[in-house]
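Chain nomenclature is as follows: A, B and C, assigned in order of appearance, with residue numbering initiated at 1 for each chain independently.
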Amino acid sequence: MTDAVHKTSLFVQNDSTKRRNAAEKRFRLFGKAAITVGLLMLVVLTYTIVSKGTGAFQQTFITLQVELLESKLDKKGNRDIEEMKKVSTFGYAPLLKTAIETTVAAAGIETSLKSKDMAQILSDSAAAQLRDRVLADPLLIGQTVEFRLLTNSWIDGYLKGRVTRESIANNKNVSVEQLDLVDALVAQGIVEKSFNLSFITGSDASDKRPEAAGIGVAMIGSFAMMMVVLALSLPIGVAASIYLEEFAPKNWFTDVIEVNIANLAAVPSIVFGILGLAIFINTMHLPQSAPLVGGLVLTLMTLPTIIISTRAALKAVPPSIRSAALGLGASKMQSVFHHVLPLAAPGILTGTIIGLAQALGETAPLLLIGMIGYIATNMPETVSDALLAPNSVMPAQIYEWAKRADPAFYERAWGGIIILLVFLITMNTLAVILRRRFERRW
Amino acid sequence: MTSAKTKITASQVNVHYGDAHAIKDVNVEITPNTVTAFIGPSGCGKSTFLRCLNRMNDTIDICRVTGQILLDGEDIYDPKVDPVQLRAKVGMVFQKPNPFPKSIYDNIAYGPRIHGLAKSKADLDEIVESALRRAAIWDEVKDRLSAPGTGLSGGQQQRICIARAIATQPEVLLMDEPCSALDPIATAQVEELIDELRANYCVVIVTHSMQQAARVSQKTAFFHLGSLVEYDDTTKIFTNPKDPRTESYITGRIG
Amino acid sequence: MNSNQHIRSAFDRDLDRVQAKMLKMGGLVEAAILDAAKSFETNDIDLANDVRARDKAIDALEAEINEDVTRIIALQAPAASDLRTLLSILKVSANLERIGDYAKNMAKRTNVLLQMPMIENSPAALRNLSREVQLMLKDALDAYVRRDTDMAHDVISRDTDVDELYNSLFREFLTYMMEDPRNITACMHLHFIAKNIERMGHHVTSIAEQVVFLVTGEMPAEPRDKADQTSTNVNLSKG
């Protein structure tokens, strides 16, 4: 008994199935296209950053034999540090002139430059470098010591391809002859590009000496600030969260608090900067530009993030665990601290690290408390120094460099971005690893 | 035939969830060293009443309990009574096995630790071993006490939870549908354990399976819509109940 | 006995207890059969009265067994072999109670017969018959304990012998009655006793059938051979 009209074969797709399949196909294509676009942009971004920034990690050095004449450096001859300090960098400059002249002659290079012009290829900080070394080790006076000195940023730019003979046509700082001299010196191995550790560890330098600029001090500033944020926002945020989630009575008042916390997370970060200025600097008279103040401001900014992620982590702990603990006769506190918190720890940790990573990259709130625009030149000596002495942070430093006219600084800005990104990627990877490790136990 | 003394005496107990009247005027006497079963259809209030016996209902804000519940003659809802201390005396096992994600040893040791029942590590070891033995699971886990409690089968996990509950040396053991998440063999093992436990504890078990109540208990209380309809010896309830509502439920004539 | 224990030992204990009661009842019934026959043979009124009194204990046990089985079925919801065990215990105890009643009746009639002249050989014949039945009962109960279907089938077949013995007794009593009408009363009583013993045999066969049901789940297929022709064969009544 068959009803031929209604009987359909499974092998033939009906219209609605066809439509559905087509829609799904389209959706999948969109998804793939979106991912491709995203990946493409990522590739372009990475390539740009890396190609522009790696240059900052290399610097041009010149190796010179410098004769440390006692007659110039220690006239009295008794190696007294206080006396020797009286000789400023100006006093060391002639030594450099002599040294480079000697080196050029010894290398058999012919040039029409005078020694003063030859010495110009050195960085302005070369003399200071010499002086620091001598003051650290006065016994060197009288000897001929080999120094590896920075060249100025134009020479550096020349070796990196930024500067060409055409581009320096009107430039007073560098001449074609100097470039020829440099070529010759490079051929002899006296001048070379090599890895510049002081970019990472050194302090910022003035406008005229981009070759000596480093991000090290700003890194310390960032680090000190991160420590302040961590030390304050983690306990406060977690405690507030635990209270709100486990202990607070469920009434309209706590609802209001929760709504406000959620809103705080969306407040533009510069508002926190104004708040910081008004309270921490004007009312409490904390030192301006200090990482401590920066840390306090960013704590306010990070707290909502930590509170929200901690609450989510606490909520994710199944109520059966709490029941089990309570059923055994544990008090509310005991059940929260012995059982709920350890289980929520991975989520809390992840939220904290993400919050910290966000704070690391913040610049706007620090604007108003003075950490932007500050030239970070002095490496902090002690912990209190690190917290209270004026300093800058990495994103601020990058901004500073990007502002300056010299293209050498521009290159350093990209280098700084690379370092900042490495930090952020490390922190986020740490967050992922920690989360995976703890999640497996549960 | 009633026991010379009762362990728990509930008089005129009423429970309100906000406006809803969940338990209505319940009077019941639980005898020591017996297994008492609470049966009834879904939503009849048996779990709610069970949770009154160890004041777990305190954790729910909108829940209000009136009436008197005496444990060994003392009213457990007296303001002087700390629920935390009460719950050491009245242990609870839940429907879904919920061992802590710690080692088996730490699971069992947690209760004694927070109540200060062990003076030394050796003491604690002994308490843990004795609890595991009484829960009939010592032989299966004695070689892996530091393994996580969550790595066992369902039946074993539930027995660990029972061991955990009896480690605090309670006098009463409340069980809220302890076998509903277990397969028949694990269920039979847990029921055998419950039978052994009644030598030392007073057990009150809520179950939605009448057959389980028939197998395991000596006295049965039938709850319906918040009231205690009938409370008698299990044999009597299942062979010749007095109340027609009980008869309907037992024979499967109403939902 | 089952080689596997139930996970819940309470169930095992319940089953063992009720089975033990049944076997105890069986023992009492066996004793009742033998004592009833003995009391007739040895003219022991006291023994006869004792047998009658002991029937109360047998009836009480049957009531207890009924109650226990009801309780176990209500509370434990037994299945498969457990269920068959309990149902067979019910049937076996009912059969035992009937056998016990027949033994009591035998003892009752002994009272009467002692006031009448003895028919020769009747005590011996009846003793043999009842001994035969008692042995059948013993074997049936053993077969139950051992769950031995072969033994059960053997018991069932032996009922034929009992029936034939009864047939010959029937003819004998007829002969006596035709010889001397004063024997009729005595022979009627004797005949009732013999009939009771024959019926006991049928109940024992029922017990054996329950053993087969318990082990295999089905009652024995072959219909019981009813060798008793007294109700069908007219020729038996002719000398």
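Rule of thumb we're sticking to: a residue touches a chain if its C-beta (ideal position, glycine included) is under 8 Å from a C-beta of that chain, and two chains touch if they have at least 3 such contacts.
For clarity, every value in this text was computed on a predicted model and none was experimentally measured.
Trainee: Touch graph across the chains, line, ring, star, complete or other?
Mentor: Basically the chains just string along in a line.
Trainee: If we define chain centres by averaging CA atoms, which chain lands farthest from chain C? Would you check?
Mentor: Of all the other chains, the one whose centre lies farthest from chain C is A.
Trainee: CA centre of chain A versus CA centre of chain B: separation in Å?
Mentor: 59
Trainee: For chain B and chain C, let me know how many angstrom lie between their CA-based centres, rounded off.
Mentor: 50
Trainee: Using mean CA coordinates as chain centres, what's the gap between chain A and chain C in Å?
Mentor: Going by mean C-alpha positions, chain A sits 103 Å from chain C.
Trainee: Which positions in chain A touch two or more other chains at once?
Mentor: Touching at least two other chains: none.
Trainee: Could you list which residues of chain B touch at least two other chains?
Mentor: Residues: none.
Trainee: Quick check: in the complex, which residue numbers of chain C touch chain B?
Mentor: My answer: residues 6-11, 70-71, 74-77.
Trainee: If you look only at chain B, which of its residues touch chain C in the complex?
Mentor: Those residues of chain B that touch chain C are 185, 188-189, 191-192, 195, 211, 214-215, 234-235, 238-239.
Trainee: Which residues of chain A touch chain B once you look at their complex with the stated criterion?
Mentor: Spelled out, the residues of chain A in touch with chain B are 249-250, 318, 320-321, 323-331, 334, 338-339, 343, 441-442.
Trainee: How about chain B: which of its residues touch chain A in the complex?
Mentor: Those in contact with chain A are residues 54, 56, 59, 61, 84-88, 91-94, 96, 98-101, 110-111, 114-115, 148, 161, 164-165, 168.
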